[in-house]
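Shared between the two complexes below is subunit A, which pairs with subunit B and subunit C, respectively.
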Partner chain A sequence: MNLTAALARLLIFPGLLFAVPAAWFFLWVERKAVALMQGRIGPPFMQPFYDFIKLLGKSTPPRSGVAGLLMKVWPLIAVSAAAGAVGLLPVLPSSGGFQGDLILLLALLELPSMCIIAAGFSSRSIFGEIGSAREAVLSVAYNVVFLLAIISIAASQHTFRLEALAQMPVSPVHWLGVLMRCLGVLAILVCLPAKLHINPFSLPNAEQEIYSGPMTEYAGPELAMWELSHGLEWVAATGLAATLVAPVVAILVAPHLIVWWLAALLFVALSFGVVLLLSVVAAATARLAIDTTVRFYWQCTLIFAVLAISSALFMRLRS
Partner chain B sequence: MNILTMLWKNLWGGSRTMLFPARPKVSKGYRGLVRFDPALCTGCAICKFRCTARAIEFRAGKGEFTWSYDPGQCTFCGRCVEGCKTHALSQDSECPPVYLTIGELKNSYTVARKPPAPKPAAAAPPTAAGPTADSATGGAQ
Partner chain C sequence: MNLWNRLMCYCRRRSPWLFHMNSGSCNGCDIELVASLSPRYDAEQLGVRLEGSPRHADILCITGPVTHNSVQAIQTVYGQVCGPKAVVAIGSCPATTNVFIDSRTIDGPLNRHIPVDVFVPGCPPRPDAIVLGIAKAAEILANRAAKKLPVEPVCIPGTECAAGCAAKAAASEVQL
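This part shows the complex of A and B:
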């Protein structure tokens, strides 16, 4: 990959130029879909953008000391990490150079969550601290399953390279590999509501209980950055699921007809589908308590993820 | 699965909320804005005393009185309407309209006091002695 292609990927597609409008669009889709399913009208199309602009125009309360400085820094790190994660997604085919690595992508996906935890504790608000503690516990709970699912996919493909993971051998089609991929993606999908803080795992930012938790003390441009980072997380997380599902869809529908624009279209369509699916889950469920959440991930879903990784390892030993 | 059926029905059943400034339909017996009929009011001011939200003001003057109503303060409890013996007050059975400036719906009436109604003719004195207080109470000691 030459420098121009790398910059285009980071800044245009699927980087910032695509990711920022897509972040607002996905936030709107989620809010609108949940509203429609609850018999409400929901926000207008431009609402997330208007919210962002309005927050940018507001002033922030003066904060002194290291805690104040850190509170300014966390949202910026979160936005950068989420934007970097989106830029790394292997949507378009490329050749040579640095093509992204699954471990780096996972680290970038995890950074916003860690920033949220740090931000809640930096704010010294009791609601922020409760929210951060919940986020930390939630992160430990779902990440075990999430990482096992990712590792199972990587193990079945024998690689951590994103480019390789975004493609599957078309001929001959390895149906056990397809099954492994589907199992892994399913486990990832189970983790996404927790990663994106939507129902039933919205307890870190429970508005009615702890006033948005770690975000309680944030206002103005800093809150706008948090909103943007949340939107970018949506794009990155749903995009990750889409890039992992896309090869399976391509094999099933048109194994030899993958061109760059079709790959991009498939990526957008699958991401949109994942957003809709998550919206249905959010609308259909109520918020779970932290102990129920941990039990869900460590008792129910962990078995599922262990099954996926053991099958992947078995497949690797067989081959 | 019931919840999914419900969501599906909601998705295609239209929204129950409405865009501003549309107002929802109301059920029978809905308590809306208080309406005042100056022709029926006797100026007893019982409505002012029954109004715990202080939405009704009453100022007595010479030969006239001023009755004011502020819907912004009103809780639409209907106690004023219940207490009005002459039925000078009534309540709308529709949602209050949307207003954009403070006090836009506030209204005030200055009403001339009516001359006192002629006293009814004195009742004829009883022909036989009525029961005494003691007998009325049963003579309890």
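This part shows the complex of A and C:
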């Protein structure tokens, strides 16, 4: 991938120019889905955009010293990491990419969460510190399962290249591979609510419980950047799930009819489906306590991930 | 006004985030404020969001007759809300101190301590009156930030306040 193509992917499609409106759209879908589930009408279509512009126009409390500087820097790092993660997604077939871009994507997806932890501690607010500690525990809990699932998918296809993972051999169809991919995607889907801090795993920013967690001291444009990075995380995380599930859908529906625009359409439709699914789950559940969450990931969900990775290793040994 | 300022003014009007504070209220108005976010009244249609932190809020909603203990807290929280901001006094208590008038534990009404933009009288006020009050406050906030300045306190007429203006009602009750 040369520099121009990389910049085009980062800044235009599927990067910032596409991802920012998509982030606002997903944030709206989440709020609207919750409202509809509760029998309300919900916010207007442009609401996340209004919120973003309004926050840009608000003042911020004066902060001095290194802590103040750090508090300004964390949201910017989070936004750029999330935007970079979106830019790596192989939406269009044969759009480039490099060996190991999956690892970079995972690292970039993890960075906003690290920034949230650091932001809570540098804000010196007691609620921020509690939120950060919870975020750190949550991250340790779900990441074991999340990474095992990703590794199992990658190991079954002998590659860490996203573009290769976005396609699967269609003739002959490798049914064990398809089954394993489904298992891996299921484990990833279970981890996404924790990654996006929505119910039932909305522990770090538990509103009305520890005020706003790590975001308690943030205001104005900095808060706007956090909202944007949250939206971009939605796009990147659901996009990753859609990338991994798209070849399975393609094999099941019409293996020989997939052209590039249909693939892109399928990607968008699948992302939207994942967002809807997560929002409905968020609306239907209540927040779990931190120990229940850790137990859920380490006892219940880990079985999926271990099953997936052991069958991947088994496949690898056999081939 | 240039295009950016007009957009900003519009967005401020469409996105009021609230911080709710109780200054010794009996909990009646607090329940009605939550009811205004519930399915029947659904204030989120106007972009209203109840926030956990005063730093995130645009509009400070205060209930209760302002006890001595809560004065310092009200001033602190009012300072923590970042500008441009507006204050809505919900219920008759923050407007007039209501039945607690002349009590030695009360230091009200609210506008002795911080500037109030909208009074929503009632004991408790109806949720639709609260939603109207929040919408008015968002409009005041947007206009004030855009330097169009009609910043007289507004009163949402309720059943409790036939006189029309909470401030006048407060004065008349004091004379009684």
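In the analysis below, the second predicted complex is superposed on the first by the 308 of 319 C-alpha atoms of A that agree within 3 Å, B and C clash if a C-alpha of one lies under 4 Å from a C-alpha of the other, contacts with A are read in each partner's own complex, and residues count from 1 in each chain.
In this text, a contact is a pair of C-beta atoms (placed from the backbone, for glycine too) under 8 Å apart; a residue touches a chain by one contact, two chains touch by 3 or more.
What you see is a predicted model; the values in this text were computed from it and never measured.
Steric overlap between subunit B and subunit C is present once the structures are superposed on subunit A.
In the superposed model, A:Ser212 makes contact with subunit C only, not with subunit B.
Note on subunit A: of its two partners subunit C and subunit B, the one contacting more of its residues is C.
In the superposed model, A:Met37 lies in contact with subunit B only, and not with subunit C.
Judged by the touch definition given at the top, the superposed model places A:Phe45 against neither subunit B nor subunit C. Of the two partner chains placed by superposition, only subunit B is touched by A:Ala283; subunit C is not.
Of the two partner chains placed around the shared chain by superposition, neither subunit B nor subunit C is touched by A:Trp260. With the shared chain A as the reference for superposition, subunit B clashes with subunit C in the stretch 153-161, and the other listed options (9-17, 27-35, 81-89 or 153-161) are free of clashes. Contacts of subunit A with subunit B, set against its contacts with subunit C after fitting on chain A, overlap at residues 35, 38-42. Considering their complex, residues 7-8, 10-12, 14-15, 17, 38-39, 42, 44-45, 47, 49, 51-53, 55-56, 58, 80, 82-84, 145 of subunit C touch subunit A. Across the complex, subunit C is touched by residues 31, 35, 38-44, 46-47, 49-51, 53-54, 56-61, 127, 207-208, 210-212, 215-220, 223 of subunit A. For subunit B in complex with subunit A, the touching residues are 3-4, 7, 10-11, 13-19. Here subunit A touches subunit B in the complex through residues 35-42, 280, 283-285, going by the rule given at the top.
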